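Input: one structure, supplied below.
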Amino acid sequence: MANQQFKDCIDACAACAVACSYCATECLKEANPEKLVRCIQLDLECAAICRSAVEVMSLGSEFSADLCRVCANACNACAQECEQHAHMGMDHCRRCAEACRACAKACEQMATPV
Amino acid sequence: MANQQFKDCIDACAACAVACSYCATECLKEANPEKLVRCIQLDLECAAICRSAVEVMSLGSEFSADLCRVCANACNACAQECEQHAHMGMDHCRRCAEACRACAKACEQMATPV
Amino acid sequence: MANQQFKDCIDACAACAVACSYCATECLKEANPEKLVRCIQLDLECAAICRSAVEVMSLGSEFSADLCRVCANACNACAQECEQHAHMGMDHCRRCAEACRACAKACEQMATPV
Amino acid sequence: MANQQFKDCIDACAACAVACSYCATECLKEANPEKLVRCIQLDLECAAICRSAVEVMSLGSEFSADLCRVCANACNACAQECEQHAHMGMDHCRRCAEACRACAKACEQMATPV
């Protein structure tokens, strides 16, 4: 339904954006949100960039590779932070970290000139 | 990975946003884009509203139902237009219409108070 | 530069989206972010809806009035919350509340059938 | 109301996003939209990236400089295209080109490490 070359990366970015927004709001509901400040911050930044990547790739844009480069960096930073909380029973962080790593991988392939 | 109550609707809106953006750019590549002006216009409007619905539901927002009401209307309008071109060999319009109808249905269920 | 009929409302929504995103991240930096959880949550929801309203009005969409109705509600809810913190030395909340009230007013005028 | 360091660039990107979306829909209304296909396409891509830049800078994100680099490229490409139509009486293209050049300049300053 989308540009076939971008299909998998669009799906990964869309899933990551949702996981990041959800993780941010779940972090806010935790007993000690003050310990999750950087997690929430990176969730919001990563979600914004992922949403943009989805839109730009859906348009088949010539700037997709450039944006995917930025997106991969944001996803890896967010994953690294979420992974620190994933073992503390925070399932939203574990799922978010997984979505971020998968998205980073897809974006890195998109960003690399073939 | 997202608010479970919103899961299906988020997926439908995300797929619809991608289909609409893709349809708009494919319409621009057709031999007679001047005949597809309203289709492109509604694609862009529908994509914008669907993207917003995805984000708002991902945040578990109390405004989700209100936004889904608007989204259902936009999706139905876009579907109605795309369906007129779907039989003229324009596969992007056919697929977009399908995504719009599925999204409208999911949003209507979300918009209806239980 | 934009649809003239929407000009003022676009400007108000764009300013509100920026103020809300900024307020959310400044709240996260406060000494007691756990007391600002609802503020951050509404900031994020309001920002998402305002961004959508800007885009939809920029496109001159027929769904602008419907979306502005939702946006006015989100802005008023966010303003009400931010106003509670505005007197506690949180300048970002004071400014955000002002932007939200101005945006709600502009959106209500847009949403009202003339 | 926003991160002061980003203030001017946020304003330029927000104005550019609106000008690009408006230009796209005005191009669709022209007598010969088929001659404006690349203009519409770049308008949509540039608007998407500008919106993302606004959001990311509003969040005070560490990825702002990277995104501004991509945004500057998109703005210059869109400006170059719009400038070709600006002398043909298309005021929306003239205004869009101006907004794109101003945004590119602001983003380049943001993207450059001080």
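First chain written, first letter: the chains are A, B, C and D, and each begins at residue 1.
We adopt the following convention: contacts are C-beta pairs under 8 Å (C-beta built on N, C-alpha and C of every residue); 3 or more make two chains touch, one makes a residue touch a chain.
Please read these numbers as outputs of a predicted model, since none were measured by experiment.
*Asks:* What chains, if any, are shared contacts of chain B and chain C?
*Replies:* A, D
*Asks:* Tell me which has more C-beta contacts between its two chains, A-B or A-D.
*Replies:* Spelling it out, more C-beta pairs touch across A-B than across the other pair.
*Asks:* Averaging only over C-alpha atoms, locate the centres of chain A and chain D and give their separation in whole Å.
*Replies:* Measuring from centre to centre gives 24 Å for this pair.
*Asks:* Counting only residues that touch at least two other chains, what does the list for chain C look like?
*Replies:* If we look for residues of chain C contacting two or more partner chains, we find 21, 24-25, 41, 44, 51, 55, 59.
*Asks:* What topology does the chain touch graph have (line, ring, star, complete, other)?
*Replies:* Chain contacts: complete, every pair touches.
*Asks:* Sort out for me which residues of chain C touch chain B in the complex.
*Replies:* 41, 44-45, 48-49, 51-52, 55-56, 59, 61-63, 66-67, 69-70, 73-74, 77
*Asks:* Which residues of chain C touch chain A once you look at their complex with the stated criterion?
*Replies:* Within the complex, chain C touches chain A at residues 21, 24-25, 28-29, 32-34, 37, 40-41, 44.
*Asks:* In their shared complex, at which residues does chain D touch chain C?
*Replies:* Residue positions touching the partner: 1-3, 10, 14-15, 17-19, 21-22, 24-25, 47, 51, 54-55, 58-60, 95-96, 99.
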